[in-house]
Amino acid sequence: WKGAPLFADNDAGFTFKVRGRFMMDTSYMSTPDFQNPRDYGFNTRVRRIRLGVEGTLPGEFGYKAEVDFANSAVGFGDVVMSWNPKKGPLTLTLGNQESLDGMEQITSSRWSSFIERAQINDAFGNTRRLGLVVGYKSKDNLFRLDGGLFAAHSIDASLDNKGWIGAARATYTPYVGPGFVHIGLNWQHREFQENNGSTALTAGAGSPSTGQLVQYRARPFLQTTGQRFADTTSFAAKGDDIFGVELYGVFNSLHVGGEAQLVKVRSYSAGDRLVSRDQFTTNTQLVASGNPTFWGGHFEVGYFLTGETRGYKNGTWDRTKVLNPVDKGGMGAFQILGRVDYLDLNSDKLQIGFSNNFTTGVATASNSLARGGTQTGYLAGLTWIPNDYVRFLLNYIHTEVEGGPKAASVKPTSTKTVDKRSYSSDAIALRAQFDF
Amino acid sequence: WKGAPLFADNDAGFTFKVRGRFMMDTSYMSTPDFQNPRDYGFNTRVRRIRLGVEGTLPGEFGYKAEVDFANSAVGFGDVVMSWNPKKGPLTLTLGNQESLDGMEQITSSRWSSFIERAQINDAFGNTRRLGLVVGYKSKDNLFRLDGGLFAAHSIDASLDNKGWIGAARATYTPYVGPGFVHIGLNWQHREFQENNGSTALTAGAGSPSTGQLVQYRARPFLQTTGQRFADTTSFAAKGDDIFGVELYGVFNSLHVGGEAQLVKVRSYSAGDRLVSRDQFTTNTQLVASGNPTFWGGHFEVGYFLTGETRGYKNGTWDRTKVLNPVDKGGMGAFQILGRVDYLDLNSDKLQIGFSNNFTTGVATASNSLARGGTQTGYLAGLTWIPNDYVRFLLNYIHTEVEGGPKAASVKPTSTKTVDKRSYSSDAIALRAQFDF
Amino acid sequence: WKGAPLFADNDAGFTFKVRGRFMMDTSYMSTPDFQNPRDYGFNTRVRRIRLGVEGTLPGEFGYKAEVDFANSAVGFGDVVMSWNPKKGPLTLTLGNQESLDGMEQITSSRWSSFIERAQINDAFGNTRRLGLVVGYKSKDNLFRLDGGLFAAHSIDASLDNKGWIGAARATYTPYVGPGFVHIGLNWQHREFQENNGSTALTAGAGSPSTGQLVQYRARPFLQTTGQRFADTTSFAAKGDDIFGVELYGVFNSLHVGGEAQLVKVRSYSAGDRLVSRDQFTTNTQLVASGNPTFWGGHFEVGYFLTGETRGYKNGTWDRTKVLNPVDKGGMGAFQILGRVDYLDLNSDKLQIGFSNNFTTGVATASNSLARGGTQTGYLAGLTWIPNDYVRFLLNYIHTEVEGGPKAASVKPTSTKTVDKRSYSSDAIALRAQFDF
């Protein structure tokens, strides 16, 4: 049993288990001045409802497949087949999987510190894509190196999506004092989808861009609103590179650490012309005055009041084993958490841009200080884990925003320039979750 | 085994079972005069195809999740997690579940007397929503009381749905003579979704209204046609209350009884203005001249020719155990059923209405006797249950309609007023079903 | 175990198994001259991701249900319940199933010779529909006869789809020399959906036509492009009949054979009028000058280098048992394959047609040699089967096209008539697959 029965015919090499998870969120978020109250206030949503399977087949083949129905539509978790020849150090993994995009993103949503992951993952489009990953692990599993090649989309109906992503991630987990330290580096080289055709291009599921138009933006630490305060707006670019660092330490009931990512965009330039290809649905698009750079990062501390140690395995967080679950007469595990999460989407090169006609090459100045903005979240969390398979998360979130597309309407009378106007919002959110 | 294997680790508190159901309907329905024949005649549909899981986790936690694919889209059955602390009288159930909306609606579709449920459930929007239910049951499980608070939508992608429902249901099942009687009361207080915003509002899945526009209507006892004969058309309202009674008796192979519900609408009035909120996509909407009331109810008799007793459990119908299933050389169970089902959607207060401009408060008379109508169904059923998990239902349905939006076109030469013109339709339908 | 655990309570007559399959394709296809390169070149897609169940219930009832999520939407494999009274020669199968449309089409996609099935199946709309099949098999299971009646759609939300299909298939499998021969005949009589109404008709999933407009066309042996080189374009017809022959031989590691189908269309004629029914969304439609006939067929050879015999069961291909799987220290099975696949969508009767006004009956000549075209595929395949549940398919495809809608733009300077201009494309494709 691992929540659900795990069937095994170890001699033949078969195993099989049904997988599932359910997360339901209820939240209240205060409405910034002069904003449409409809998208704020109370909301209730099923965030994830997944059913799937995992197993092994003879010859060290493995598989995992999860379908997500949370939006009353079809989405996916990992959908992969893997091969670990002779149980050696190398594993090949093919299918729909995270593009090696950072520890918290690769960690299952079941083990996140807070209800939502850090905002770099939302802002920079870290998600699953179709690809092949070659993974190496040292004999003691303390050092791991993964390299992957991905199509720039997930499982979808797109027939014309030719963007791609090359990615790599290395992690090292030395024992330090009473615990261990996790050190990780990750890198994604992303080539956006060219639009060599006359008709509008559909952005495939999980695509980091819409054709060669890219937009970086993040929701305020909740998925129960559709609003984004920090938002570059859409501009023309060929691709980007994302560089990330991960540093965490786990010492008994305490864990501490964080991650950061920097994205360097390869923008189109004023004067660029597309002679034989009509790359955009309309020929005139915003371009930056150079290659913009954006970044974000978070730092967090968590502590189990009830003595547990946070689960960790294979370079990501894992299930935490509850010491005194409610079925044994205990009260389960209680964890308190704090996090600061910062995102900087400001760039002079984008705020000073051009409206470029890709047919004629004629560019006119297009400047706006409302592009981008910074968003800082101060999060406090209390997590109750009555048994290994059930969780309740309570989060308080204070969001500080400076600049961005909404600053002008929230602070209409401010005498500051738009990029210096700041406002805030407070939210409280509750998640109920089980998995098997 | 309960159709499919039920796995249990009783010491640890784990159980797990895969669930599924399949219902395929074929029907023929006669076409009322002058109506478009396309929506009548023969039709074949898969009504439900569901896959899911159920189980328990240590500490008296339970879960159930069913996804429905019948429209080649994603729908849901119950998707809930529950907690029954110390196996006591109280159970908390969180997730996508019926809003305590009446015995036949809460009963699984697998155990319905007829192919479709009574028309009050269709007309008044009884369905599943996201909510939390606190349930109490007496030690002998003869008395049950449930109270719940629900969002006015189901699992969907809506981010702005702020309607809510408070609901309660009480049932009592005393032993009477050779069987028992089921007495139930149910109540739903529904607040429709305000539309505090400038853009059109999407009605979430399972929402009882579209924003603050509500429409009560019912199909003619089949889901193989898209037509509704009785239909209030859409009008502006803030919410409604639904009051229901349930009364059934089961005596050996006989069961008899029925349910009724009355809905009292809180309508907007002529002259109402919405000063700071634009509540409707167009400012001028139909309002009633008072708070309309609608109601419906059914009465049914069923009898097992082969000696079975209709299954009943926890305040709803349940699986009937076949005495002589075909695999034991028997002929299975045969049940004959009859039902009269009446729905009254007429209301003077709606037929005499106003077209109200919510910006100016100027209202002009808008009267129509074609709003609403009554629909009466006379249903006869024969159900064959070859074993506990397979069913075939044959229904004959005679539908009588008086008034409603189609009466004028079906009876164009009648000298009666539109609300007094009556017509009928006959249908025969066959369902094949299995579940596990 | 059959990939996943097979649970059985043989005394009671219960069995249960979870089913699944995953197929991921990567391909490169060369772009014909002057064509939009977006739909060619590299592409990566998940072709099928299915989860489902199968089992038996007491009394010789059986079921199978598979949901497909490959387009990030809901599709279906077989969704059926069956009854085999007293394990006799007759079996009734009800639900979503192939309309007895040819051996390769009825064969599971897991056992196809090449990545995609022969183009007759794509061109003539062979797929699953809702229906009832009565099947007879001889005691030695060498002779099988199936007859079925189907609605002309699959599991979907359509409420007005009244087309239907009658179909029959007979197969005989005598032992011949060191192996056996499969001889099959199949026939489908298809009546297209009448559109007796004023609003546009949605084509149900799996419908062979859109209302009474039909279009025969085929992709170039891959589903990683949306292009079709051979295409009749859409014309008005009442229905069609499809006649098919199947002939294969299996002798030790060799298999050889093929299939062909001929479709005879019942076209509308110039001068036809629709007095009381508005059958088309626009009244003027293309009609042929007679009843067109189209046909296609393929011939293939396959050989296992590693000694296996291709799996065959119940009149279709089945799972091949690997002699030396990788988990036993072997190298798995290797099969080489070759196929020629021809499709002829040319018809004088369609190329010489009329634009017919169905209101007035006035027809004007509408001739085009670009309607239809022929497409010939030369395919070479290498299949590696490391164990019974995992497969890798490598296909090389050379496509020759003559005529059709794209010939004029690919060969703009040719002096030949459009129907004689020919061009080609080359493709290489790789599939990774597992199932359980």
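Per-chain numbering from 1; labels A, B and C assigned in written order.
The criterion applied here is as follows: a residue touches a chain if its C-beta (ideal position, glycine included) is under 8 Å from a C-beta of that chain, and two chains touch if they have at least 3 such contacts.
Please read all numbers here as calculations on a predicted model, not as lab measurements.
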item: Shared interface numbering between chain C and chain B [over half = same, under half = different]; value: different
item: Rotation angle (°) superposing Cα atoms of chain A on chain C, nearest 5; value: 120
item: Intercentroid distance (Cα basis), chain C paired with chain B, Å; value: 40
item: In chain B, residues with contacts to at least two other chains; value: 18, 51, 73-74
item: Chain B-touching residues of chain C, taken from the complex the two chains share; value: 7, 9, 12-14, 16, 18, 51-53, 55, 57-61, 63, 65, 67, 73-76, 79, 81, 94-96, 130, 151, 154-162, 195-198, 201, 205
item: Chain B residues within the chain C interface of the complex; value: 1, 3-5, 18, 20, 22, 24, 36-39, 41-46, 49, 51, 69-74, 224-226, 325-327, 386-387, 389-390, 432, 434, 436
